[in-house]
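Please see the structure below; I have some questions.
Chain nomenclature is as follows: A, B, C and D, assigned in order of appearance, with residue numbering initiated at 1 for each chain independently.
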Amino acid sequence: MDYPKILEEITAETKSLFGKGKVATYIPELGKVAPEQFGLFLQLNDGTSYETGDSRVKFSIQSISKIFTLAMAFGLVGEELWKRVDIEPSGSSFNSLVQLEYERGIPRNPFINAGALIVTDVLVSHFERPKEEILRFVRALTGNDDVYFNHAVARSERETGYRNFALAYFLKSFGNLKNDVERVLDVYFFHCSIELACCELARGMQVFSNHGLNPFNGERYLTASQAKRLIALMQTCGFYDEAGEFTYAVGLPGKSGVGGGIAALLPGQYSIAVWSPELNGKGNSVLGMKALELFTTKTGRSVF
Amino acid sequence: MDYPKILEEITAETKSLFGKGKVATYIPELGKVAPEQFGLFLQLNDGTSYETGDSRVKFSIQSISKIFTLAMAFGLVGEELWKRVDIEPSGSSFNSLVQLEYERGIPRNPFINAGALIVTDVLVSHFERPKEEILRFVRALTGNDDVYFNHAVARSERETGYRNFALAYFLKSFGNLKNDVERVLDVYFFHCSIELACCELARGMQVFSNHGLNPFNGERYLTASQAKRLIALMQTCGFYDEAGEFTYAVGLPGKSGVGGGIAALLPGQYSIAVWSPELNGKGNSVLGMKALELFTTKTGRSVF
Amino acid sequence: MDYPKILEEITAETKSLFGKGKVATYIPELGKVAPEQFGLFLQLNDGTSYETGDSRVKFSIQSISKIFTLAMAFGLVGEELWKRVDIEPSGSSFNSLVQLEYERGIPRNPFINAGALIVTDVLVSHFERPKEEILRFVRALTGNDDVYFNHAVARSERETGYRNFALAYFLKSFGNLKNDVERVLDVYFFHCSIELACCELARGMQVFSNHGLNPFNGERYLTASQAKRLIALMQTCGFYDEAGEFTYAVGLPGKSGVGGGIAALLPGQYSIAVWSPELNGKGNSVLGMKALELFTTKTGRSVF
Amino acid sequence: MDYPKILEEITAETKSLFGKGKVATYIPELGKVAPEQFGLFLQLNDGTSYETGDSRVKFSIQSISKIFTLAMAFGLVGEELWKRVDIEPSGSSFNSLVQLEYERGIPRNPFINAGALIVTDVLVSHFERPKEEILRFVRALTGNDDVYFNHAVARSERETGYRNFALAYFLKSFGNLKNDVERVLDVYFFHCSIELACCELARGMQVFSNHGLNPFNGERYLTASQAKRLIALMQTCGFYDEAGEFTYAVGLPGKSGVGGGIAALLPGQYSIAVWSPELNGKGNSVLGMKALELFTTKTGRSVF
């Protein structure tokens, strides 16, 4: 497969989409990012890699961090986790709160904010210093110690993230949040503020495409069965209200973030990260979605 | 792979689940089926096949018929179809009506009843005799002319299916049903009443695992891209409120029916049908779900 | 109290509102009414009456008919009725269907369409010829035999009232509609098509302001306690999503219809009917609402 | 009217209901109240009064305080208030959050918690020391300086009222809460913790039954029109999900609280307060509701 040529084509074919989306501004700090950027990094399981564009520029991974915290929590408590958070797609974002009410405080899945707060709560219960542990975990997965929180982004979200406060207190009212609300939110805002470049993010996804084994340090983080299950979750729930559209158009399990990043993978074969800050109306990167659709079409390699 | 041994093990390991579920009775005719039955048929893309148990006993495919009518309608109108029905998971069944109201009469996906009624409506618009065309289509896909509607089941559902009448009139009130409500429902109830045995159903799924080409008559029914897209839809939306659970536990795209059947496939490799009439609380076959979970675990062959 | 002068002032002060609303067109036949009409009829309990404008022009009473059918059904089955329909305000119209689903087919109150269908169902169960009985009842209450259905309006609604079909089938799916759906809807569409002039409608409301006694034939139709209870229901539930607004601005119990009519009363003192076909965004007559607000302000006589 | 005899009968006829309800425990401090207590105080507009039972025992007025804060805020900002909170009944409590979401952060009415938080927010914006101002206001209305917050109850609610935190942050996320969430909640929890006896509460309602004039100090607090409007609001929205039931059975505007108190009035004639701590499933006092129903039936004096 001529990957360099495919990446070149993708760069050329997505360029015209600059300006079609909007940089997220609901977290004021995120609104400061220059919009016309695009990066892609492909990490094959055999160790080779290919990249194009702004693949070495750090960006705020935001919700993509949820797969890392989920992997940590799932590794710690296993299937017990599903007693506190379900594994079903959430339908429309519109229903998030009423669903939570109807289902008595059990979030639909660990990738909607309510579910991710439960996952964070598990980490807060298990670790004395959960923020440090999360950083350590992401550094290990990416094989790179140059990974940090962006304190300004975390603070910015804390000051404006009223809806997340509402969700957390709502979970607390159902008894499904064990720790202090402010403490859980603090850890949550920080892990969302982690910054990675595409090259690091694609490598960080290898643990999933590699059946639970971290190729960078040879350690096993998840059983093969656990890795498979988290991948299944990414497939059905990883793209908010666009999970169906993404599965339909791209056919890869993955996770997106409002920072404009998308991480995806083909089990046993490769992981891939794209980034471009302009988002469509559903909060996913315009160029990122298109780039992945072109990639699976041109390579003919998707899960379906 | 020693398929005969695997199928034998599955039969042995699921046997203890008889009695854990309940035969569907909301359609009175369906309630007459003997509960302790189990069949499985595996059709490899290379033409070989394996089977066990009641794999030659006909059963009511019910909602599984929706993938056949969807394939027909998608072949006829292509991407235009998604203007009238979305491709996103539906969240919880609880929200079906409010979601339809919120989204102004556009069903979340073609596998929930509201969406399947839109698909049927497309067929009613295109064919003078839609019921005959559906039968012809299913016969061609299964390579078997011995395929019929069960008139008693169709009548039984027509007499008690008030909720489907409500859905159809609700769609009509939004202008998203073009034909007479009674006529669309008639065709809908009939296509749900089709009876197939596992051996026929597994063969009928080959068109999807075979990239749109019907291996039994050599004809192309869908482009490779269209087949891929319908498979993606089965993955995210094929199991009602248990789509996430099924993807998580089994990892195959497919579709279930309240008759107790489940059809699934691994693109390019195999299609498989299981049947056992006892259902869990979410309307999926208890033994069928377990059998497929065991099958992908034992063979190690799923999409993830 | 100088009623003639007050009515004259009201006519003058509401005139400028012509053109601020829109004649209902969702029932095509209703759309044919000339918009710039306004009538008011005041019937004091002492037998004297005052009127202004188009108070003798017949109009389609539509939902106002629900108070007459409710009085009939309540008279027949008494408090038993509230096992099948609740007596609480419905919140927003948006929730009608989900609330019905959440509350297992028990409509919130007898004035929303779902509840009125239950009331009609009671009449269909009790009478062999319910349509004739309803006409007879309304004729007796209004002291006028010149009261008829408008067949064209009833047919027009039957042909386009898909949402009412959806509601009726939904109720049927919960087992809360005893008779054939088509038959109940037929009676429902007909009773909504009754035509009255303000003078007749105001008189028809006397039974409520007169503690259950029909002053025109001396017969008792409801106990004083029953009359009081139906009046309470009109107060909390009579104006759809504007019940609060109406109670706030006018302070009288009553009922509106999309034909542009509003009937209201002050227990023990008077009944009043206004009519003007142009509706506000919530389906209530623009001039009618204003006229009643002016009337209670100028007379200082409301329930509060 | 022989009020002493009527009150005696009511006491006798409600006694058998002790034990049919449950003392509220969701605020732990409230759960400490002895359940078998019942008091009633009737204040006629002519200055005479009648009482029975525990009419001089202080209890936590909880949500009844919302009518006092509403009267303060309405007096301050007038009709402007309705831009931030609506005046419609809320339908079912079940929908509170989804309705808030659907209506973009505008609560349905000022008596549901979300609406009362908006009202409190107005007071926080207008007063430097809102808690002191609220106390001063309630003391003036009741003509009694012996009125205090219960700090233990306020603290108890602050420590367990996660759902109110969720609501407040949700309002904040829509921009409909101007002040700091914690500060608004603090004032809210304190005003709910005010303790009054029936004799004080009935007197405090005189300002409403007396057209806005406080009979105890001769000062006007509301215009007659404003008083009428707040009374209309109590009628349609004062009893949560039982507003219809209460209007139906009692026929008086009023407000209940989970402390077991109910305040009600007949405009121009009397105000009345009852208290008994055991609540029905919808959070209203069992004996209190019954006592008021008996009172309006026996006296024949209600708004309808």
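The criterion applied here is as follows: a residue touches a chain if its C-beta (ideal position, glycine included) is under 8 Å from a C-beta of that chain, and two chains touch if they have at least 3 such contacts.
Predicted, not measured: the structure shown is a model, and the values here were computed from it.
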item	value
Each chain counted as touching subunit C and subunit D at once	none
Copy pair subunit B, subunit C: interface residue numbering same or different (half cut)	same
Distance from the mean Cα position of subunit B to that of subunit A, given in whole angstrom	32
Approximate Å spacing (C-alpha centroids) for the pair subunit B, subunit D	55
Whole-Å separation of chain centres (CA-atom averages), subunit B against subunit C	47
Shared interface positions of subunit A, touching two or more other chains	94-95, 98
Chain-level touch network, classified as line, ring, star, complete or other	ring
Residue numbers on subunit A that touch subunit D, as the complex places them	94-95, 97-98, 101, 162-163, 165-170, 172-173, 181
Subunit D - residues contacting subunit C, complex	86-92, 94-95, 99, 102-103, 108-109, 228-229, 231-233, 235-237, 241-245, 247-248, 251, 253, 267, 297, 302-304
